[in-house]
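Residue numbering begins at 1 within each chain, and the chains themselves are lettered A, B and C in the order written.
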Amino acid sequence: MTFYIIRRVGVGLAVILLMSVIFFALARLTPGVPFSAGENPRANQQLILNRIHRLGLDQPWYTQYPSYLRALLRGDLGDSYFYHQPVTTLLEQRVPNSVLLYGVATILAIIIGVPLGVVAATRQYSVFDAITSVISYIGFSMPSFILGIFLLTVFAVWTKISFGFGLPLAGMHTGGEDDLPDLLLHMIMPVTALAILSIAQYSRFMRASLLDVLHQDYIRTARAKGLSAFKVNFKHALRNAVIPLITIIALSAPVIVQGAIITEGIFSWPGIGQLAFQASVIRDYPVILGVVMMVAVVTIVFNLVADIAYAAVDPRIRY
Amino acid sequence: MSRSALAPARPLAAAEDVILRIENLHTHFRVLGGIVKAVDGVTLTIPRGKTVGLVGESGCGKSITSLSIMRLLEKNGRIVGGHIEFRGKDLLALSDAEMQEIRGNDIAMIFQEPMTALNPVFTVGNQVAEAIQLHQRLDRKEAWEKAVEQLKLVGISEPARRAKDYPHQLSGGMRQRVMIAMALSCSPELLIADEPTTALDVTIQAQILELMHEMQERTGTAILLITHDLGVIAEMADEVAVMYAGRIVEQASTYDVYAAPKHPYTQGLLASIPKLGQKQDRLHVIKGNVPNPLSVPPGCSFHPRCPHRFEPCDKAVPSLSEVAPHHLAACYLYPHVHPEAEMEVEELPEELAKPHDVAVARAEKHISAVAPAEDAEVDTDA
Amino acid sequence: MAQEVVTTENAVGQSGQVAQAAEIIQGYDELEHAPELGFWKLAGIRFLHHRVATVSLGVLAFIVLAAIVGPILEGNQYKVLDYQSPYHPPVHLQLAPPFLAGDWHHPLGTDEVGRDQLARLVRGARVSLTVGLMAMIGYLLIGGTFGALAGFFGGWVDQLLMRVTDVIIASPFLLVVIAVTAAFGGVSLFKLIIILSILGWFEIARLMRSQFLSLRESEYVMAARALGASNFRIITRHILPNALTPIIVSATLGVSGIILLEAALGFLGYSIPPPEPSWGNMLSNFEQYMLGGYLWLVLFPAFALVTTALCINLIGDGIRDALDPRQR
C-alpha cells in the first residue's frame, strides 16, 4: 500500500512538472506583449522595454524556464505584474474566499443531493422520483452564471422593488468584516447558484449507482435471508453504492480552489476565480501561472486522495 | 381463484409428512410485448426430509417457482393464482414482515452464481452471522462463533481465519459452501437450491452435492433441488418433477421417472443423454424449440414438438393425473387424463407495466402485423 | 411406446444432416416466433416512446428551424440600430385596454440601441448551434482518433496520451480558453471553433480509449485476428461500432456543454464580438438591464440557453436509454 502511494506521488510530481513546462511555454509563446494591456498605452516604449529586459522576458522561453523552476521550488511564484505584490500573497488573500463559497456549496450539495438520490432510487418511478429527475435536469442545463443572473434579478432587484427587501447585490460584506449574519446573507445567492449543479449531479449519480447495486445478486441473497427492506437498502446496498460516489466527490474537490470565474464576477466575490480571470485578460503571467500551478497541485493531491479513499472503502482493492 | 376440477393428486406422501404444498400456482410477468405466464398451474408437494428435484430446460419456469415460494419476485412479476401451504399457513397471504420471519429461518435458498451472490464489502463470517443474529436473537459475539462453527460444518478449513476473509478471496466452491452455511445456519425445514452446482467445476460439483446430502442427513432438512442437469437429479433426488413451459408434465420417484418415463418430453430428454457402451451414430434431438414465452401453444404446450401428438392435444391443457401407481403425467396418451377445467386467474393489473413498455409492445405488434404473419395462434393479451 | 427414430432422409430426398436441419427448421417454423428487429430500429422505437425525449427532439427541431430560417427572413434586422426606440418591451398583456401592448415590429422588444431582440435571438441561435455542433465534431475527430489509437495500441503511446490528458483535464478549462482567446484579440466564429476543438478533445479521447481498451480483449476481436484481419480492419469494422454507444451519448451531452461554454465566453466578452449576437454576449450587459428593470432583455436569451441545453440533455438521456436497454 505504501509503495503504491509513493509511486503515485512520484507520478504526480512528474505531471506537475510537465504542466509547469507546458503552461510556462504557453504563457511565453502566446502572441501579445506582456504589459500591453492594462497599462497606459502611451507609456514610454523604452521604459517598457527596460522592464522587459530586467525581468528577463526577452530571453527565449527555455532559458527562462530553469530560473522559474528554481523559484518555484523555493515557494516563490514571482510577483504580479499588475498588483506589484508577490503572487503568493494574492493567493493567500483570495483562496479562502473561494474555498468558503465553493466549500459550503459542495457540502450542501452532498447533504441534499445524496439523500435525494437514495430516496429516488428506492422509490423508482414514483412521483418523487419524477420530480427529482425534473429538478436534476434543469440543474444540469442551467449554468451557474445564468442561475446567478436569475437569482440576482429576482431576489435582489425585484423583491426590493416589490417588497422593499432584497438580498445584497454584491461583494462579501456590507458592514464590518466580522459581521457573520451579514456574511451569510451575502453568501446565500452565490452558494445556491453554485450548489444547484452539484446537487443535480450527485443526486443523479447516487440514484444510478444505487439502482445498479439493487439489481445485483447479493441483494437477492440478502432478501432471501429474511432481512427487512430497510436493512437491505441501507446496510447492504448503500454501502456498495457509495463507493463510486466517494471518487466523484474527491475528484470534484479541486474546483473549490479553482473558484468560479463567472459566478464570482457576477456577485463581485473576491475570490481566486476573479483574480485568475483578470490576470488572463491583462496577461499578468505570474498570477496566471501561479493559479494554474496551484490548481494542478491540488488536483493531483485530490486524485491521490480519491484513489486511497476508494481502496480503503472497497475491500476488493488492496495494494 | 378457483381450483382444478380434478382433485390435486398427491399420491406420494401422507399429509402430515408434507412440509410444503404448492397448489395450482400461477405467476405472471408483464414484459415488453405482453404477459409471460412463467408459472402456469404448478402443483407440487415436498415431503419432510426428502429431496424433490425440479427439472427442466432454461426458461421453463422452475426458478420462478422457487422465487414465488419465497416471494422474491421482481417488480413486474405477480403471483396471480394458487396457494402455497407451509406449516398450515398460506404463504401467499402473509404480510411482508411475517414473510421475512420465514425467509432464512424456516425456508432458506441458495442460488446459482456463488461469485456474485455474496456481498463484496462484508466478510463471509459477517454475512453468515447476520442471518443467525437476525433469526436467533443472539448477540454479535455469539452469532460470530456460531457462524464459524457453521463454516467448519460445511468443510471449510481454518474456519476462524477464513471467516474474516472477503468473498473475492475465496474460490467458487468455497463460496458456495459459505452460501450453504448461511442457508442452513438457522436450521430451516426446507432448503431451496436453485442450480447450486451449475456454475462450478465438475469435481467441485461432486463435493458440493456430497455436502448437501450430508447436511440433509444431519439436520433433516427437505431440499427442493432445481436444475437442468439430469445427472444431478439422479444423484440427489428422491422424487422428480419435470417442468415444461410453466407446467409440470411428469412427477414420480426418481427411479420411476428414469426407468419408465411416461411423458414424451421426459422420454425425449432421457433419450438425448448419450449412454456409455451404446453405439449411436447420431444424438437424439427433440425437434423444434422451446416456445416463445409470450405465445405458448394452446392445449398441451409440448404438442408442436411431440412425435405422438394426436387429435385432443391442441384443444385443452391435459391435467396432471396418476397414470401409474404413484406416477403422475399430463399427457392424453394415457386413459385417465382429461382436460383441465378453465382456470379463473386474476388479471395482472395495468399499472404494473411502465407506460412506454406497453407502447413499445404495441409498436412491435404493429410491425409484426405488417411483416408476413406466421399463424393466427397469438396468445398475447397486452 | 416406440420412439421415433430420426430419419436420415426426408420426404424430399435430402440426405443426412441437411435433412435433419430442414426438419428442425420446419419444426421451428411451426412455432410462433417474435419478429426480428434490427438493433437500430429497435433503439429508434424505444427512443420514440420516451415521451420526454421525443418532445425535446421536437422542441430542438423547432429551434434549429428557427436558427436556419430566421436569419434568412430577418436579414439585417439584428444590427439595425434604431435610436428612436430603445428599450421597448416585448408584446405583453396589460390591465388597461387595448389589453395588448407593445410594438409588433419588435415582438420581443428592443435593447438599449433599439436592435430587435427577436432577430438577434434567432441569429444567436445560429451561432450557438453551429459552435456546439462543429466543435463537437472537432472533438470527435481529434479525440476519437487519438483515443482509439491509444486504447488499441497501448504501451507507451497510451501512457503518454494519458499523462497529457490528465494534465489538460486538471487545468481550469474556462481560464485557458479565455487566456487563449484574449491573446488572439478578437475571434471569428471559425477561430472560436478551432480553438475549442484543439483544447477540448481530451475527454472524448479518454472515453474512446477506455472503450477500446476493454473491447480489444473481446472474443470477437480475437476471432477476427485468428482469421487474419489486419489491425485497421479490426478497428474500423469490429471495435468501433461497439464502442459507439457511450460515445454517442457523451457527444450529445457534450454539445450542450459547449453551447453553455460559448455562452459563458460571450457573457465575458470573449466570444464573437458585437454586433454579431450570441446568446452569451446578449447577456453581457445584464447588470444594466437588471437594474433598469428591462427584464426581458435578460429573460429571453437566458431562457433560450436553458431550453436548448435542457432539450439536448433530455435527448441525450433518451438516446442512452434507447441504446442501452438496462432500464434504470
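Note that a residue touches a chain if its C-beta (ideal position, glycine included) is under 8 Å from a C-beta of that chain, and two chains touch if they have at least 3 such contacts.
Treat the numbers as computed from the prediction; the structure is a model and nothing was measured.
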item: Central chain (by mean CA position); value: C
item: Pair with more cross-chain C-beta pairs in contact, given A-C and A-B; value: A-C
item: Centre-to-centre distance between chain C and chain B (centres being mean Cα positions), rounded to whole Å; value: 47
item: Approximate Å spacing (C-alpha centroids) for the pair chain A, chain C; value: 25
item: Between chain A and chain B, centroid-to-centroid distance (C-alpha), Å; value: 54
item: Touching two or more other chains - residue numbers and ranges from chain A; value: none
item: Residue ranges of chain C touching chain A (in the complex, touch as defined); value: 163-164, 166-167, 170-172, 174-175, 178-180, 182-184, 256, 260, 263-264, 267-268, 283, 286, 290-291, 293, 295, 298, 302, 305-307, 309-310, 313-314, 317, 328
item: Sites on chain B touched by chain A in the complex; value: 70, 72, 96-97, 100-105, 108-109, 111, 113, 116-122, 130-131, 134-135, 166, 168, 179, 182, 354
item: Touch list for chain A against partner chain C, complex; value: 14-15, 18-19, 22-23, 26, 30-32, 137-138, 140-143, 145-146, 149-150, 152-153, 157-158, 161, 207-208, 211-212, 254, 258, 261-262, 265, 276-277, 280-281, 283, 288, 291-292, 295-296, 299-300, 303
item: Chain B-facing residues of chain A, complex; value: 125, 216-218, 220-229, 236, 239-240, 243, 313-316
